[in-house]
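Structure, as structure tokens:
Naming follows writing order (A, B, C and D), and every chain is counted from residue 1.
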Amino acid sequence: MHKLAFLRIKETVVEGKGFKTLRFMFNRKVRPGQFVMVWIPGVDEIPMSLSYLGRIKGITIREVGESTKILGSLKVGDSMAIRGPFGRGFERLSGKTLLVCGGAGAAAVLPIAEEMDNRERVDIAIGARTKDELIFEERSKMYSDNVRTSTDDGSEGCEGTVVDLAKHMMKERKYDFLQACGPESMLSSLLKVGKEHGVSGQFSLERFMRCGVGICGSCVINGKRVCTDGPVFWGEELESMSDFGRSKRDESGQKIGL
Amino acid sequence: MASLRVNVAGLVMENPTILGSGIIGETGESLLSAYKAGAGAVVTKSIGLEARKGYSNPTLVELPFGYLNAMGLPNPGIESFGEEVLLAVRGGATVIGSVFASEAEVFAQLSSKMEAFGVSAVELNLSCPHASGYGMELGVDPGVVREIVLAVKKSVTIPVFVKLTPNTHRIIEIAQAVQAAGGDSIVAINTVKAMAISIEAGRPILSNIFGGLSGPAVKPIGVRCVYEMYDVVDIPIIGAGGIETWQDALEYIMAGAVAVQIGSGIGRRGLNIFKEVNFGLERYLKSRGIESLGELVGTAHA
Amino acid sequence: MASLRVNVAGLVMENPTILGSGIIGETGESLLSAYKAGAGAVVTKSIGLEARKGYSNPTLVELPFGYLNAMGLPNPGIESFGEEVLLAVRGGATVIGSVFASEAEVFAQLSSKMEAFGVSAVELNLSCPHASGYGMELGVDPGVVREIVLAVKKSVTIPVFVKLTPNTHRIIEIAQAVQAAGGDSIVAINTVKAMAISIEAGRPILSNIFGGLSGPAVKPIGVRCVYEMYDVVDIPIIGAGGIETWQDALEYIMAGAVAVQIGSGIGRRGLNIFKEVNFGLERYLKSRGIESLGELVGTAHA
Amino acid sequence: MHKLAFLRIKETVVEGKGFKTLRFMFNRKVRPGQFVMVWIPGVDEIPMSLSYLGRIKGITIREVGESTKILGSLKVGDSMAIRGPFGRGFERLSGKTLLVCGGAGAAAVLPIAEEMDNRERVDIAIGARTKDELIFEERSKMYSDNVRTSTDDGSEGCEGTVVDLAKHMMKERKYDFLQACGPESMLSSLLKVGKEHGVSGQFSLERFMRCGVGICGSCVINGKRVCTDGPVFWGEELESMSDFGRSKRDESGQKIGL
């Protein structure tokens, strides 16, 4: 049981255009990739990955609609209601790992780097549409000597998608694992590219969520509950899911294209 | 050999544990996953005529002794739901189709669609405590219950289960109305109308304000409803509410339930709960030398 | 200065915590002990016309999240009870006299005796879920409720509180009936009808089979009832059900309660619970700069 | 919360005429003087002191009515339902102590002797109506070198009440404390005799009990709940109780003579 926790915001950081991090004390144990449900009273309750897992935890919000805009406008001293953490996070793997972050997906992935005890073992690829939307580049460099970026418009780093970048990196170097979060189309391409290079990995998905505890069924993908069986899945699991990269369920449970 | 096999009004199940309605039951594959995890049968999410988005979040409150939920009956509508049922049935699951509506005729229409999709029984949701115009608003009036059950019985040949609410003092009359109208089995209970207020936010937590309480907190209420009804009807009763262990299931069975539904326990204990309950019941039967679970039904009555 | 003082229909209390009926309230000295432990007022055990032994044991089942009880309204009868009230009143306690009966006239008679004994208000038990012919059997019919309240109002000058049951879908109508008949305040909720079966013994545990569920399990039900009634009546509501902390009390207050009753919490937390709840509420008011608890009543309503 | 526990009886011992001890495993921590509620399905639920507190606990029943007769007829292997332990037991006192047992009261008192680490510090007076009803004499000798008995009819030990015996022993020797259980009239006399000799003490009472947890009020004596504030009280507390030694409440709450 996850008691609804009201937390005071201790720090806010603008991470990039439309991206904001809120930091707060939250004394529960969290794995990288796990998420919380954030309640915006009178508006909604939405899932957010925990982007910082130390003593002072954090969420990193991409402002896309009403709730995320309201969250983005919170100030130090404001309070915030969350419950969680939920889900099966990323595993602590031993091997050389490439972390791949698409857009807001970096929030779920960066804590993996922070958890690694060896900067030699982790390389990081961060992608965004444009330069202003690249996040966590500096933070990444604290944990890895090989941090690369890509932008769709070429305004910084390689021009192209983060999958192109990852492919390039996999050619340069042999990785044991990929760990990634981002838009599902990106994850789906990355899974393929990884296979071509013989690299298996874990991927974090997003689905519409209500309960977070695995009972309502809103978040299912091919019979798996993203909130409890995921949000992080192994590539091998995803390959057997016909909806992966293709379709999801809307609020009414109807299957729609991604 | 100790047997867990039960026959509920003609619906035969390998074991008495059923996935409750609204619990991961919106898609065929997740229904199948519960069946494969050990459920004897699975009930679909309650399905209506048209697609419904349900209420906005928060739709669930976690409590130390259960959940409070007001999903708002989200569902893709009966037409789209056909392929989900098919998928589960083809996969081998015994599926019970839950339906909701605000009038008898629509209940009948939905039920006959469900039968066409291949479900083994329909379950009429006359008990959702938080959707205005539906559920318990109908299920507290014996006349209305009678009318709905009669209409559905005319439109299908499969068994008709009727899911009742504990939020009334007329539970006995309602159960009798179900039986009188030819209902094949009663499911009791749905959630108890309740709410939670966040004192920090100074407002109700659920977007719908009111919701339904489920989980261990309601077990004593569910057991009481089953016990009360067992004394007044002859049709089989399916128990629900707060079942998390084989002991809980046995308590319902001794109260008079022939089978049990499990909902919140899946969130609190995991999908393995079906196997655990069944394993426990089987071991119990063996240790007591009881051949069939059926022998225990209603044994708590003097 | 933050004030916890409340005025419930003319009954002024130094703080909003009240000892619930049936909780150590059968003797004057124990009523006094609860008052001295910090309660703003104390309700007596429900008293009837004649002495009653109540049901035989077991009369209580302990659950992880509350109690199940079926005491069977044991009480010494109104005549012997006079000296108990006197003792408590002389000791300085603000006493509310709870009465039960099966007809309006007897309610009136008992209430007027209570007034003569010196209670500050009477509380009509229309809500006990397990005594046949009494309690909730009356309290689910708006007409009967109206008749009883009218009769009592005619027979006393002190405020008349009416304690209601959650075991009905007609809670709003019942609350309105209380108000229409001139009832001064509503107390909600009494226990929820429930039972427990021992699978080891293969029988119900309570000697009366059915009992009432109280404690944390019923808080979401109690809060819901108070919230629902607050929208439809103007008379003050006293909240009860599962209150164990100042946060629980505040939840009821935000739902619309002007004061709260505490029962099971005394067993689960001890008699100190009154002081703890009051201390917490006071600190809360101070920290928010709120002058009076009254400002928070009903604030969870949009 | 005290879960109803079903326990198999491991041993039964006839302690004297109409007295029987049942032994069973019960893994909860218990103080001397605490009690349990014993459920006799279909009949009643009644309070019983725990007379053995070691790994294998026990109750010692005096057969007086239906429930105690049924309990007394239980055999090894039968099971028994209890909840508890309840109440405030005897304190572990340091000083020379005289334990005084009247009839079935010995059940509550003997565990005190067992708990004492020094047989010099504990003397024991056991009283009964007649020789056959004296219990725990042998058991007492395991923990004390000064065990004396009394019977009303003089069939064993001193002729007279156990209060007479205790008085005699207090004359012989200086005690720091009395700890006693038995009929209330006996406790009330003992309290007085103790005061005369300047010996204060603890006394265990019996009242009609329903809930055991301090909410129903059935067991109150002058506003104190015997189930939770007691059953063991200090003499000083009892002196301020006008009902002590005089009256109790019947099942309806009416005050009646003891």
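The rule is simple: a residue touches a chain if its C-beta (ideal position, glycine included) is under 8 Å from a C-beta of that chain, and two chains touch if they have at least 3 such contacts.
For clarity, every value in this text was computed on a predicted model and none was experimentally measured.
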Minimum number of chain-to-chain contact steps, subunit A to subunit D: 3
Farthest chain relative to subunit D (centres taken as mean CA coordinates): A
Centroid distance [mean C-alpha coordinates] between subunit B and subunit A, Å: 36
Chain centre separation (subunit B, subunit D; CA means) in Å: 51
Between subunit B and subunit C, centroid-to-centroid distance (C-alpha), Å: 33
Subunit B, residues touching no fewer than two other chains: 63-64, 203
Junction residues of subunit D - those touching two or more other chains: none
Chain-level touch network, classified as line, ring, star, complete or other: line
Contacting chain pairs - touch in the sense defined above: A-B, B-C, C-D
Residues of subunit C touching subunit D in the complex: 22-27, 29-30, 32-33, 45, 51-54, 56-64, 67, 69, 71, 74-77, 80, 198, 200-201, 203, 205, 207, 263-264, 266-268, 270-271
Touch list for subunit A against partner subunit B, complex: 1-4, 6, 37, 39, 41-42, 44-46, 79, 81, 83, 210-218, 220, 222-225, 249-255
Subunit B - residues contacting subunit C, complex: 63-66, 68, 136, 140, 165, 167-170, 192-197, 199, 202-204, 209-210, 213, 216-218, 220-221, 223-224, 227-228, 247, 250-251, 254-255, 299-300, 302
